[in-house]
Amino acid sequence: MLPNKMLEETLNKKVSILLKDNTILEGTLSGFDEYMNMVLSDVEENGENVSRKVGTVIVRGSNVVRIVQK
Amino acid sequence: MLPNKMLEETLNKKVSILLKDNTILEGTLSGFDEYMNMVLSDVEENGENVSRKVGTVIVRGSNVVRIVQK
Amino acid sequence: MLPNKMLEETLNKKVSILLKDNTILEGTLSGFDEYMNMVLSDVEENGENVSRKVGTVIVRGSNVVRIVQK
Amino acid sequence: MLPNKMLEETLNKKVSILLKDNTILEGTLSGFDEYMNMVLSDVEENGENVSRKVGTVIVRGSNVVRIVQK
Amino acid sequence: MLPNKMLEETLNKKVSILLKDNTILEGTLSGFDEYMNMVLSDVEENGENVSRKVGTVIVRGSNVVRIVQK
Amino acid sequence: MLPNKMLEETLNKKVSILLKDNTILEGTLSGFDEYMNMVLSDVEENGENVSRKVGTVIVRGSNVVRIVQK
Amino acid sequence: MLPNKMLEETLNKKVSILLKDNTILEGTLSGFDEYMNMVLSDVEENGENVSRKVGTVIVRGSNVVRIVQK
């Protein structure tokens, strides 16, 4: 299964996204494009020491390490 | 919803943009292009130790980590 | 043998993938594309100090260092 | 307003440009291209500990973080 | 002699490949493509402190520093 | 004035080029291309602690931060 | 003189190549392509603390900082 196809099947599902700066974003995948830019809703952002609700987030794909389905 | 479409809906709204150097820019999204280069107005720039008003800012997209709607 | 051809032969087999942040992902290669974006299933993620099961993972190819067949 | 359009309106005006190495260049924007390569004149270069006049400067766009209108 | 031509002549020969993370992979070059993605067989992976046999390896070209013929 | 146009006008003149590794190359600009790859002649290379004459130098554009006319 | 033209004139001559990891490769330039991938022969590799003969080397252009004619 192609990564793009997999992302399509993940739409509207909960994901956990690891960014290059080690932040983890947990939320619902609302959209994505061919660069792996993504729109997430109901996001909780988990950094080294802090965790907070941040609503809707647009992530630039170049920062994404990996996406895990929750 | 495609990231680009989401950015379009965010035009003229308040955003908080995290850059790779950990600076956070808070302001109104006045424009953007396909590289996520952005124009922000009425910006407050929040670095590690300092915070200051900087008016209008053009951000090079390659430095953007994520955009949060305020 | 072309790298792409080799990846094709590795489909549905166990792999160990080293990422740039030194994480190792072990799982079954379910898909990949021309950027080496990959879909892995039944993944165990092994970081510096932690190891955990994470199910299905989409990896952004730009983070991949090398892939070893298990 | 597109970032490129904004840069056009900034031509011949004073700008402050932050580079990835934390240097700040202050001068007049004399030109730019689609990569955000820029020509600045009457530049003052402000590094960590030093500040000096350097006349005309060509900046490679890949080093630019953000541009502030003065 | 073009680098690509040289790689072609190196097919099925022993190479030592230095990666950006300072790992050295020693093995037989079984394939490569235009991005310098490579397939190596009978690989010994030599990191800072460890050395081990890892069989067949697919290397993402963006991590390669240089290739030495053995 | 476009950056490329400015570089053209700088041909055969003295420049000071800052590289990403903080090295400064001072010499005469003998040529350049669209990637800002450059040929410099009569170069003095100034690193952190050392300074030396190195004759003709070809610089890969991706390492260039900025170019100052002397 | 274009950088590519300069490289052509440097073919079969001795060069000293600085890589991003601070390694210096000294050898004869046997070939190159448009990405500044290069083939060097009779190479001496000089790292921080070590120096050794390594024969023929293929260098990935993305690691090259600058090339000096010897």
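For clarity, chains are labelled A, B, C, D, E, F and G in written order, and residue numbers in each chain start from 1.
To be clear about the criterion, a contact is a pair of C-beta atoms (placed from the backbone, for glycine too) under 8 Å apart; a residue touches a chain by one contact, two chains touch by 3 or more.
In this text, all values refer to a predicted model and were calculated from it rather than measured experimentally.
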{"item": "Third chains touching both subunit F and subunit D", "value": "none"}
{"item": "Labels of chains that are neighbours to subunit B and to subunit F", "value": "D"}
{"item": "For subunit C paired with subunit D, centre-to-centre distance based on mean C-alpha positions, whole Å", "value": "41"}
{"item": "Inter-centroid spacing, subunit F versus subunit E (mean Cα positions, whole Å)", "value": "33"}
{"item": "Sequence positions of subunit C contacting 2 or more other chains", "value": "62"}
{"item": "Cyclic ordering of chains (reference subunit D, direction subunit F)", "value": "D, F, G, E, C, A, B"}
{"item": "Residues of subunit E that touch subunit G when the two form their complex", "value": "1-7, 10, 20, 22, 36, 61-62, 64-69"}
{"item": "Residues of subunit F that touch subunit G when the two form their complex", "value": "19, 21, 23, 25, 30-33, 37-39, 54-60, 62-63"}
